Every structure is written in structure tokens, then in C-alpha cells.
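Heads up, the next two complexes both have chain A, just with different partners, chain B and then chain C.
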Partner chain A sequence: MRHSLDLYWRLIGVQIRSQLQYRLAFFLDVVGTSLSTILTFATLAFVFQRFGNIAGWTLGEVAFLYGMVEAAFGVMDMLFSGFDPQNFGKQVRLGRMDQLLLRPVDITLQIFGSEFIMRRLGRILQGLLVLGIAIGMVEIHWTATKLIFMPVILVSLVCFFGGLFIIGATITFWTYESIEVVNIFTYGGSEMMSYPMNIYQNWLRQFFTYIIPAIFLVYYPALFLLGKPDPFKMPIFAPFLAPFVGLGVLLVAWLFWNYGLRHYQSTGT
Partner chain B sequence: MEEIIRVENLQKHFRVAKHYRGFVGAFRNLFSADYRLVKAVDGVTFQIKRGELVGYLGPNGAGKSTTIKILAGLLVPTAGNLSVYNFLPWKDRKIYVSHIGAVFGQRTTLWWDLPVIESLDLLRFVYRIPKDRFEMNIKEFRELLDLDPFLDTPVRSLSLGQRMRADLCAALLHDPILLFLDEPTIGLDVVAKENIRQFIHHINFQRGTTIILTTHDMSDVEKLCERVMIIDHGKLLFDGALKTIRTRFGGKRRLLVDFSEMYPDVNVEGAEVTERDGQRAIFEFERGSVTASELIGRLSQKYRIQDLEVREPDIEATIRRIYEEKLLEQ
Partner chain C sequence: MRLFFELSMRSFQRQLVYRTAALAGLATNFFFGIIRIAVLVALYGTRQEVAGIPLQGAITFTGLSQATIGILSLFSWYDLMTNVYTGAISSDLLKPMSLFHYWLSHDFGRAVGQLLLRGLPMMAAYAVFFGITTPQSLWQWIAFVISLTLAWLVSFAWRFLVNLAALWIPNALGFIRFVFILSWFMSGFLMPLRYFPDWFIRVCNFTPFPYTINTVVEIYLGVLQGPEIVQAILGQIIWGVCLILVGQVVLRLGIRHLVILGG
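Let's look at the complex of A and B:
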């Protein structure tokens, strides 16, 4: 266990040192992410200036959702870089997977350590910045529970998106290439969760309630934190399902991943 | 010597989706559930003793790399018995792979952006190699493989030959008892090839490391392997000494003779004239039925000879003939 943890840090260290060799790319990427965040935020602000609010949500409240999702997705995209389906599929095709299997250490750990995209730091910081601004704009009656719950939500979101990445990566054992459907869930899902769920069509919301319960990850926790009423009359504990959904998705992903590994060992490429 | 690898009736079958051609075919592929069974390895049996250096040959798609992947613990076989160093490779993967080394010529196991020495140091940690052992090995390989000029260079900037040397070093740091080499000389120039061969020989000879070498370069085989296994269509066609191939399938030997005069007609018992060009004639004769010296004796009794040369069939052509003409299939 100690060896594994130590190895993880060393592998990440390699990634960080490698990326420091390409400073310009790092810098440009952070600038790019900043610009796109500012642009998205500006667009949002204009819409609110015109309409005042969206389905009962103010600019600050929507920014709160947006900031949480952005920051969490950024953290996930950095920690789970090795599982990014696009990149992972390519690694499988190139036989990189075999190289890793030849080493006497856990394969999952090696995938985690095979990539660590530092540029995501830009996205994380901007997410946190937007979140900070949002918290300044809305009035939250902070309690101890709410303070503790904030990081819990963020971690749950990271687990959720990470699980989706792992599932997407596992699928490439069969398809050899990342499939678009996965992007709908990861990138589409994060986009969708950045807005209040009550603006969506009934069927879509139900899909994200009962099939992929993303609604509990940020929308319900936000209702609780912001002290807004629940328009869908869910049970009172609904806001606190976030960690269960996050860990649940990650667990399912992990089981699927192990199944995929066994499949890979019986078919190869 | 003890047997380190025991393979018995090894089978590996793949289900491959059938492909339909053309535009309509592309759509059929999407929905089609038709599979074709490919027997990549179809009943292979062999043993390898500790310290052997075996050449594993076969045309592309013959089942070579599938066998190697099974032996290296990367693939689970469909059927058959297999034990390597008393391990069941795919089952005990993590422990097993710490006893083997592998170099796949086309890929590197090193970290692309890291200087060679740092990659090697990271591998020391991955394999938990004791510090003194590591230092000793590095010292030896630095000398044998002449690593010093590029130890601090990132792997991405190495030439192919340098990268191969670094990879060979990386595969041997943890003192594996079994080493898989897949095309270790591919794409290298003659000198680099020779250096790699000498190193492989040294490792096998000095350290007693068992080596399985797959290659398309017959000079590798001729210079390194006493024993050769040939696989095609998933079946082992030949398993034996390299010189047996020569004697059994070597085909005809050739005798080139330059006569001192123009003879309208030259012939000799036990050989056949296959080419004539002025004063030169080429004879072909069967190994075993007549020796070269007998032939020369007979010829010089009848004609005046200026110069002559005996040519052995080259092993590359012989092995190609074994695949192409299916000399070994019953």
C-alpha cells in the first residue's frame, strides 16, 4: 500500500516534470480556459440582465451551480486524465496497455499515474473564482452542516464524473475508439448540471433523476444551501444523496473497469 | 538443465467480426453479429530449458506474438496447459512479471519526456530492485551498451538504436530469468545490429538468462540461436536445431566452376548443370549424395579448372521456403 502510494506520487511527478518542459503550452491553455470561462459568464450575465432571472434562479444562484460543476469537473479531469476515453482508447490501440501490464504493479494505479494534465488547474481556479463570486452575490445562511456539506458535494461530483470517465475508457476495450455517447454524458452532463434542473423538459429531468441520478449531485444540494423550495416535492433527504450517487457511480465504474480488464486479457487487440 | 517453460497443446481462439465490403457492407457491419473463429494458436506444444536462447520464427499473423503475449501473462489462453517458472502467467501476473523482462522493438517502456537515467531509476522503484543490485547492473550495462553518451537525454530525443539499448537495459535491471525479445534489431544499421546481438549473446551466456527471440532478421537467428521454432497458421511447423533446418531443408548446394578453356559440354556424375556462361558453369548437387570434394575430383579429372567456389543455400531463403512451400506440413 505504501509502495503503491509512493509510486503514484512518483508517476505524477514524472507527468508534472514533463509538462513543465512545455511551459508555453501550459500558459496558453490557462489563458484560453480563462477567456472561455469569462465569455460563458458574460453571456450568462447578459441573459440575466435581459430577463432578470431564469425560472426563479438569479444570476448569482446559477453562477453557484456553474462554479461548483466547473471546479469539480476540472479536478476530475486532472486526477482522472489517464482514463480520458479519447486518450485511453489511443493508448490501448498503441499497445501501451501491454507495456503497463508487464510491470509488477497494479494496473489501475498505473493508469492513474499515466497522465496528469496540469493545465486543468486553470479550469479549477476559474471554477472556484466563479463559485466565490456567486457566494458573494447570493445570501447563504451558513450553518456548520452547510459548511461541511460544500466540500462533500464537490468530492461527490468528482467521483461522479470520474466514474463516467472510467466507464468511457472501459468501453474502448471493445470499441478501440472513444464513442461519442460517452461525451454526451461527461461534457453534456456537466454542461447540463450547470443550470437549474427545472428549466429542462420533463423527460430529460426524469432521465437525470431515475436513470442517471445527476440531479442529486448539485441541483438538490444547491436548493438546500441556497434555501430554495423544492419544485418537485422529493423526499426531505434528497439534497443529501449526493455522496451516495457519486460513490455509487464510481463503484459501478470500478466494477465495469475490472470486467473490462478481464475481457482485455482474453482478447487483446 | 531444468525446464523453465512447459507449454502443452496451447490454444488461443479469437472471435473476429465478419466484415462486409462496400458502402452497404459498412452498414451491415454495424448490426451484423456474424463471427469467424480465428485459431491464432492452434495446439502448440514445447519445452524450453533454463539458459536456452530460442529463435521463434514465423510469417506475420502466424501466431508468434499471440504465443509471446500468453507466455508474458498478457493474454489468457483458450485451452491447453502452460507453466512458466512454475507460474501460471496470467493468473499470478503481478508476481510473475517481476521475474521476466520484455522488449518489444517497436515500443518503448521508458517515459518519453524523462532522461534515460531517471526512467531507469523509476523502474528500480517499480520493481523494488535493491539499491546495490541496481547500481551493479547499471554499471555493467552502461559499459556493455555504451549508455553514457545519452543517459541524461530524454527518451523522445534518442535515435532508434540508442532507444533500443536503453530499453534492453530497462528490461534487465531486475535480473529477469526469462527475457522476451521481439524484433530487437528492427530498423537498425549493420553496426548497431551487431552490437545488440553481442549484448544478447552476452546476457544469455554470462547471466544464463533464458531468451525467446522473435525476429524477421535471419542474421539474428544465425548468429544467436542454436534452437529454432517455426510457427505458421497457429501450428508449430518445426522445433529443433538450426543446423537441422539446413541439412533437412537446405535444398541443393551449388558449385561454381570457372574452367580454363571453353568446353562445349561439361557434365559430371552426381551434379546437374544449371547455368552456363562462357567458361563458367554452375552445378547443383544434393547434400548427402555427394560431397563437394568428390565432385571437384571428378571434374578435375575431365577438365582443367581455373577457379571454384561452393555456395551454401542461405538460411533466409530456406526458411521462406518452409513457410511458402509448406515443406513441413503433412
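Let's look at the complex of A and C:
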């Protein structure tokens, strides 16, 4: 385990050093990517000025969802970049997987360490900033449980999105190219989770409740933290399912990944 | 001119090769469209019309904005930058047409390909599943087509211009990406600009961005009428011409100190 961690640090250390090579370009990149979060928030703020609220949710409450999702997705995107289906599909197609498989180091660890994108820092910071603004705008009656629960939600979200990335990457073992449809669940999922789930049509919400249980990761925890009533009358423990769902999805993804690895066939390039 | 269309044709044909990719992209865009419709429907609530846009118009907007992603290359366009860094620009410069025309013809073919593969199918899918509004008169249709073409020109002109940054900075990717993100916000892609406060619309109008998607959407939805349409199209022409001219000057300055490393 210590050896693995050591190796991981070495793998990403090289990348961090190289990415910091051009300081100004790096800085612009961080600002540039993070701008997207802030500008989306600004759009939201402008639109709420005009419309007031969305299905009973105020700007602060929606920003609370959005900030959590953005920060968590940013962390995931930094840690799991190696599994980013777009990127990973290319590695498989070019036969670079074979090179990695030849090395006497655990393949999963190598993929983890193969890509570490520092500029995601921007998205994380801006996500946290939006979350901070949101917490300032809404009135949360803080209790010890709620305080402890906040980081638990964020970590669960990271696991959930990471699991989706791994599943997307595993599919490329068979398709040899990233299938853009996976984006529907990763980027589309994160977009969807940034809004209160009660705005969606039943079929869509049910899909993201029973097939991909995204609803338990932000929406239900937010209902609990913000003290909002549950319009769908789920069991009382629904807000606390987040860590189980997060870890569960990651576990399923990991099993699928290992299954995929056993069935991997090189493209021959 | 013949060369222009020949090159466009090649680039168009290349688009047609990636039909499955287009289909997958279409599915993704459609899904995002569904989310954006849900958001707008919930925002409207019981209101029939906000800022001059009826609910059905807002739904149509989400379709139009998703349909133009490919046509206007809204998410990224780094081709010219890449060619500067790989040195392939040297062979581009040797071609018997100016660098601007070469890329313009290339992008024209790409845009037409995206229109057929992603733009029209998207609008058709929207028409079937959600119901869309359409222009009310032949004149409005003509104005829409002209404005869409000019939107492409304005979009290409600024994409060409910001890609030229590669001639100065060793890693222009961050800067270009920055401008792209700014454009989503200010072009009316995320939300129709009409929903925004007046002061912010005025700020946006100092940039070329609203003259891409926002103008096209407002003409299609019939938010603009008569002289306003003419004014909007004139604005597109002026921005297009200005950006092309600035691009030419910047290109000339940049080429002067371009050094291609042999290899």
C-alpha cells in the first residue's frame, strides 16, 4: 500500500511539475476553466432576478446544489482524469494500454496516475466559492450532524462521478473509442443534479432515482440541510443514502473495470 | 472562388464520414436540451410570457441553441492554433490562397456538414417531441437564413482571431478556452440575453458575441420586427467585416516573427 502511494505520488508529481512549467499559461488556464462555473452562476443570478424562483427554490438554494456538484466534479475530474472516457478511449485505440500492461505495476494504479490535470483546481475553487455564497444566502440551522454530513456528501459525489468515469472508460475496451453517449451520464448528470429534481418529468426523475440513483447524492441531502419538505415522500432516511450510493456506484464500477480488464483485447496498433 | 468551394467540399465530406459520432453528439445535445427545457418550464411556472418570449418560444430557443453548437463550433476550435504549434502552418501558408480564405473555406464545409448532421435533425427531433414555433413569414425565414450565415461568419472571424494568439504565446490553449467560455455567457447561448438585466445586455452588445446566437434566435422567434431585423443584420455585417480586418492585421504582424522549426 505504501509502495503504491509512493508510486502514485511520483507519477503525478512529474505531471504537476511539467504543468507548472509555463506559469502564466497555467494561471490563465486555471482562470479560464474556472470562469465557466462563475459565469454559469452569474447567468443563474441574472435569470433569477427576472423569474424570482424555480419551482419554489431560491437562487441561494439552487446555487447550493450547483456549488456542491461543481466542486465535487472538479475534484473527481482531477483525480480520475486517467479514466476520462474520451482520453482513455484514445489510449486503448492507440494500443498504449498494452505498454502499461507490460509494466510490473498494478494497471489500475497506473491509469490513476497517468493523468493529473492541475487546472481543475480552478473549477474546484470556484465551485467552493459558489457553495460559500450559497450558504451565505440561505439560512441553514446548523447542527453537528449537518456539519459532519457536508464533507460526506462531497466525498460521496466524488465517488459517484468517479464511478461513472470508470464505467465509461471500461466500455471503451469493447468499443475502442469513447462513446459520446457516456457524456449524457457524466456531464449531463452533473448538469441535471445542479437543479432541484422536482422540475423534471417523472420518467427522467425515476431513471435518475432507480437506474442511476443520482437523486440521493445532492437533492435529498440538500432537502435535509436546507430543511425543505420532500415532495416525493421517500422514506425518512433517504437523505442519508448518499455515502452508500456513492461508494456503491464506485464499487460496481470497480468490479466492471476488473471484468473489462480480463476481457481486454488489444487493437493491435 | 472555385478553389474555395472545392476545399469546402472536402471538409464537408470529411464530416459525413463521422456519422455515428454525429448521432452520439445529437443524443447528448438532445439530453441537455431536455434538461434546459425542464429548467425553463419550471422558471416560467404559470407565466405565459417573459421579456417578450412566450414559453413555446423559450423551448424553441433551447432547440436552436443546441442545434447551433456544431454549426458555430461553439465549444472549441483550436485547429489553427494546433497547426501553428505543429508547424503545419508552413504548408498552409504555401497554399495558393490566403491563410484566412483557406481556413474559411474549410470551416464553411464543416459548418454545412454540422447543419445537415446535427442542426436539422435536432430541430426535427424538437419539432416532434416538444413542438417548436417557426418563423411566420417568408421574409422572416429569409432573414433567419441570412442571419445564421452571418452568425457563422462572425463566429469564424473571432475564432480565427483568437487562434492567432498562438503566434505569440507558447501555450495559447488557456486563453482561447477563456474566450470560448466568455462567448457562451455573452452570446445568449446559456440563456436568451433578453432575460438578463438591461445594463448587462448593453455590455454584451460591445462584443461580437450577441451577433452570433442571440441575433439568430431573436429573428427566428420573431422577437425582432421590421427595422430591428435590418439593424441586427447590419450589426452582424459590421462585426464580421471589422473582425476579419483586425484578423488580417494581426495575422500580418504575427507571421513576420513566425519561426518554423524544421523537423
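Observations
Heads up, the rule we're going with is that the second predicted complex is superposed on the first by the 259 of 269 C-alpha atoms of A that agree within 3 Å, B and C clash if a C-alpha of one lies under 4 Å from a C-alpha of the other, contacts with A are read in each partner's own complex, and residues count from 1 in each chain.
Just so it is clear, contacts are C-beta pairs under 8 Å (C-beta built on N, C-alpha and C of every residue); 3 or more make two chains touch, one makes a residue touch a chain.
All values derive from a computational prediction rather than experimental measurement.
When both complexes are overlaid on chain A, the residue A:Leu251 reaches neither chain B nor chain C.
With both structures placed on the common chain, the touch criterion links A:Met137 to neither chain B nor chain C. After overlaying the two complexes on the shared chain, residue contacts for A:Leu147 are found with neither chain B nor chain C.
Touch criterion met: A:Asp106 reaches chain B, while chain C stays clear of it.
Of the two partner chains placed by the overlay, neither chain B nor chain C lies in contact with A:Ile16.
By the touch criterion defined above, A:Asp29 lies against chain C but remains apart from chain B after alignment on the C-alpha atoms of chain A. Legend: residue contacts after superposition of the two complexes on their common chain; A:Leu5 is shown touching neither chain B nor chain C. When chain A is checked against chain B and against chain C, the one touching more of its residues turns out to be C.
In the superposition on chain A, none of the residues of chain A is touched both by chain B in one structure and by chain C in the other.
Looking at the complex, you find that chain A touches chain C at residues 22, 24-26, 28-33, 35-36, 39-40, 42-43, 46-47, 49-51, 54-55, 119, 179-181, 183-184, 187-188, 191-192, 195, 199-201, 204.
Taken together, the chain B residues at the contact with chain A in this complex read 14, 66, 69, 72-76, 90, 93-95, 97-98, 100, 102, 104, 106-107, 109, 111-114, 118, 122, 125-128. Within the complex formed with chain A, the residues of chain C that make contact are 21, 24-25, 27-28, 31-32, 34-35, 38-39, 41-45, 50-51, 169-171, 173-175, 177-178, 181-182, 184-185, 190-191, 195-197, 200. The touching residues of chain A, when paired with chain B in their complex, are 3, 6-7, 10-11, 14, 17-18, 21, 94-96, 98-99, 101-106, 265-268.
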